[in-house]
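Common to both upcoming complexes is subunit A, partnered first by subunit B, then by subunit C.
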Partner chain A sequence: MNRYFAIFLTFARACLVRDMTFRANFILECVTSLGWMSMNLAFYLLVFTFTPEIGKGTGWSKEPFFAFVATGMIINAIVQAFFMPSAEELTEMVRTGGLDAVLVQPLDAQFLLSMHRVDFSALANGLVGVGLLAWAVPRMDYAPPPVAWLLYPLLIICGVAILYGFVIMLAAATILMGRNQSLYDFWFYITNFSRYPAEIYSGPWGSPLRMLCTFVIPILLVVNVPARVIAQPFTGQTWIGVAAAVIAAVAALVVSRIVFQRALAAYRSASS
Partner chain B sequence: MIFPYTLLMHNSDPSVAAAVSDPVICVEGLAKEYRVFDKPEGLAASVRALFHRTSRVVEAVKGVNLTVGRGEFVALLGPNGAGKTTLLKLLSGIVTPSRGTARVLGHVPWERADDFRRRFALVMGQRNQLWWDLPAAESFRLHQEIYRLEPARFERTRDELVDMLGVRRLILQPVRELSLGERMKLELVAALLHEPEVLFLDEPTIGLDVVAQHTIHDFLRGVQSRRQMTVVLTTHYMKDVAALCERVVVITRGDILYDGSLAEIVDRFTTHKIVTLELDEVPDKATIERFGFPCECRGPQVIMRIDRNRIAEVLPEILGSAGIRDVSVEDVPLEEIVAELFRSDAREAAASAGAAS
Partner chain C sequence: MSESIARPAAAFQGLRIWWTMLKISLEERLVYRGDFALGTLMRFLPIVTQVFLWTAVFAATSKSDIGGYSRNDIVAYYLLTMVTRAFSSMPGLSTGIARSVRDGSVKKFLVQPVDYLSFLLAARVAHKLVYYAVAVLPFASVFFFCRSYFPPVPDATTIAAFLTSLVLSFLLGFFMEATLGMLGFWFMEVSSIVFGYMLVQYLLSGHMFPIDLLAGVPTGIAGVSLADVVHWLPFEYTAYFSSAVWLGKVQGAQLVWALAIEATWVVVMAVACRIAWRRGTRRYSAFGG
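This part shows the complex of A and B:
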């Protein structure tokens, strides 16, 4: 484990050195990313000038909702910083045969393929998320109990694990298909669902969608469960959510691992 | 030139015999098939192909048997698409075979055991394995972590390798700024840092200038003999083969056509020697006809192809002719022999395909 951590640090160091080499690009990425987030926040502020709460009786008033948004920012920043850059590069690696070099190294291929690139500019979003959380939580009507603060980081990790599982399954699909740009687009669409409180999915269309995104593709558990723990009073439903998030995280990791190993066994390699 | 021999040969060359005594690579009936989907031409056909695709099976490697001993330097030769690189990919565990068995250093390659992967290296001339935007020194450091190399040993090996190739000043320069030859030298350093017992080289000198090719030949020869490393090389350059390999395995259409020593390939597959005469002056037609062999003239130089069995008999006669300044007797160039070997096989394939239809 220490060795893997040391290798990850070497990757991270190399990425940082590279980012420093292209300083203007790095700064531009940070600015673009922060700009996009600021626009999102401005949009939510605008929404709250028209309504005190998102969905009547849902408890998602302005400050709890910003805690929700902050949680989403933190989780997405972790995934975007540590896993997505490598996964995005995989299509090219499969198409050009670059994956061959990975497979001959005495290291877990999944680790190497999913963590060899770190996008430090994405971490800037995470820092903004932490700042937003620090701003929103003290202003809420509800003070989270100590158990909420204990569960919150654990559930953040579960959320990251669920998304990581999806990333790995997309990577496996890339290996099998050779190219799968559309699936990465699908990833973008599906993670969009996780950005909003589950309560907005109600009614004849919303409820089935909520079921689908909770039990089949458990994307709604990613942000909703940790955000609810920190921003809403504990109920029986909260604990069900916590259990579901942990189970979904373990399942995502196990299933994605199996799928990925099978994909590697079927790897065809590109012609030289 | 048509070879008067059966092409598939098993031979008793000492290097092949040595393979049996200390085998490092053992391959039996190894085959790899790919399903290839046909891409029809035109819009309408493409739309139809969305619903109904036609496919066929391509046999990249067809039941190959091969044994390589410790310390051997083996060249895999073959035309493009013969299955050389696929065989290397099977031996290094990148792809899984359709059937057959293989053991490299006692391991089944496609099980990808870490203990196996720590003991071999693969260098592909057409692919870059170093970090593109960073100096090679950074990639070497990563290599140290991945292969768990003890720092003192790592530094000693790295220094030794970079000095042998004369690339010390390049290791701190971003890889993207280096020439192809410089990059290939650094790729070789990276591949050899963990002192592999088996090295697979896939066209390591492709696109390199003569000086870089020579440097790499000297380097590989030195490292291989010092470490008793087993090397399997695919190449299209006969200079690589002549400089490095004692044993040659010729692969065409996924199958082994010849497996034996380099010297024997020349002996078996050539019926002629090339005799070059330097004359005092440009010869006239009568002079040329007097030699009695088909000749090619380049100014005062006359090049003749003479039956090997008749060389001893006819050479004194030729040398007795007036006006000869210099003479050389050489084997047919290796490129020519191998090219003819490939062409003969292609003709055989076409003939058998014709007979089948």
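This part shows the complex of A and C:
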């Protein structure tokens, strides 16, 4: 484990050196990334000029909703920084046969394929998320209890673990399909469901969708559970959400590991 | 006499080259059709969250309409922008041009009797034809499924204006992104500029929300809202405009005037693109084989 951690640190250091070599590009990437976030925040601000809350009686008024958005920003920034850059490279590696070189390394292939590249500019969004959280929480009608603050980092890790599981399963799909340029798009579209409070998925179509995105593809647990802990009153129901997030995180890691190993077993080299 | 015979022959030759370029691009697009079909289907997913978001917003507010849009109008608007974006979006065009400049592959178009912009246009038409062939079924299903959100089918004039605006949006999207790609002649790396453009485009085209919602946002200039400023720019013709036409938000003389502006933007961007290509190739230099 220590060996893997040391190797990961070496990867991270190499990526940081590379980023700092092209400093202007790094700053530009941070700025564009922040631009995208600002646009979304502006959209939410616009929405709140028309309504006092998202969904009648849901409790997702402006400040709690921005705490929700901030939580999503933190989780997504971690995934975008540490896992997505490597996963994005996989599609070309499979198509060109570059994956062969990875498979002969004396390291775990999943570790090498999912964590060899770190995008430090993506962390800028996470920092904005922390700032947004610090702005929103003191302005809420409700103050989160100490237990909520203790659970919050744990649930952030659970959210990251669930998304990591999705990234690995999409990587496995890439290996099986031979080419999957839509991998990144698919990840973006699926995680899109996690961007809003689960309460918006109601009615004859929304409720089944909510069930699907909670119990089958647990994407709604990623942001909703940590955000609810911090931005909604802490009740007995909250503990059920916490348990569900922990179980979903463990399941995502285990299932994705199995699927990825099977995909690797089915891999046929594209190189000569 | 000989000149009059030579002219149709040259025109025929030009058409043949164009048809060949189209055929090559169609075959290329169909090689990875599984990936292509998957990508097409996935584009509908963000609409689902938008529908639920706006349903929740309307449920929480006492207003029956927001910015002149009822809840049904908003849902119909987002679905219609999908159609407009199917025409105006040009994935990979600008980065592809910049890459061809950077890696030198653009030089073959400098020595071959093939116009680069015509080639790109033919490739894009092929891309769109394949896209429509793959997307027609999911599009038809979603629109049939969501038919209750739409107002009654508009009159023939509005439909004609809608179709015209879609064709113009395709040309506008193509020339805007191609011009952006031509920046590759001046900058080694344009990906950040392209990303910045995409952000602006997403916000100002009406892809994110109907531009009419900005009517109440002040700009600091008396009597001028943010919506007015956005209406002066070309971006709205790549998403908002066609949807607004179908929903009857733009009518009569205003519709004719807006179509004329859209056509003008197409000409302006086509000329800008051609100038960028001429100037870019003049300063371009390639070494090696």
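Everything that follows uses one rule, which is that the second predicted complex is superposed on the first by the 270 of 272 C-alpha atoms of A that agree within 3 Å, B and C clash if a C-alpha of one lies under 4 Å from a C-alpha of the other, contacts with A are read in each partner's own complex, and residues count from 1 in each chain.
Everything that follows uses one rule, which is that contacts are C-beta pairs under 8 Å (C-beta built on N, C-alpha and C of every residue); 3 or more make two chains touch, one makes a residue touch a chain.
Being a predicted model, the structure only gives us computed values, none of them experimental.
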| item | value |
| --- | --- |
| Subunit A as common anchor, with subunit B and subunit C clashing or fitting | fit |
| Which of subunit B and subunit C A:Ile7 touches, first, second, both or neither | first |
| Partner chain(s) touched by A:Gln261 [first = subunit B, second = subunit C, both, neither] | neither |
| First (subunit B), second (subunit C), both or neither touched by A:Glu53 | second |
| Partner chain in contact with A:Phe43 - subunit B first, subunit C second, else both or neither | second |
| Contacts of A:Gly203 with subunit B and subunit C, given as first, second, both or neither | second |
| Contacts of A:Ile190 with subunit B and subunit C, given as first, second, both or neither | second |
| First, second, both or neither for A:Gln237, with subunit B first and subunit C second | neither |
| Of subunit C and subunit B, partner touching more subunit A residues | C |
| Minimum distance between Cα atoms of subunit B and subunit C in the superposition (Å) | 7 |
| Set intersection of subunit A contacts, subunit C complex versus subunit B complex | none |
| Residues of subunit C touching subunit A in the complex | 32, 34-35, 38-39, 42-43, 45-46, 48-49, 52-53, 55-61, 63, 66-67, 189, 192, 195-196, 199, 202-203, 208-209, 213-214, 216-217 |
| Complex interface listing, subunit B residues touching subunit A | 34, 85, 89, 92-96, 110, 112, 114-115, 117-118, 120-122, 124, 126-127, 129, 131, 133-134, 138, 141-142, 145-148, 174, 202-203 |
| Residues of subunit A defined as touching subunit C within the complex | 25, 28-29, 32, 35-36, 39, 42-43, 46-47, 49-56, 58, 177, 179-182, 185-186, 189-190, 192-193, 195-196, 199-203, 206, 209 |
| Touch list for subunit A against partner subunit B, complex | 3, 6-7, 10-11, 14, 17-18, 21-22, 96-98, 100-101, 103-107, 109, 265-269, 271-272 |
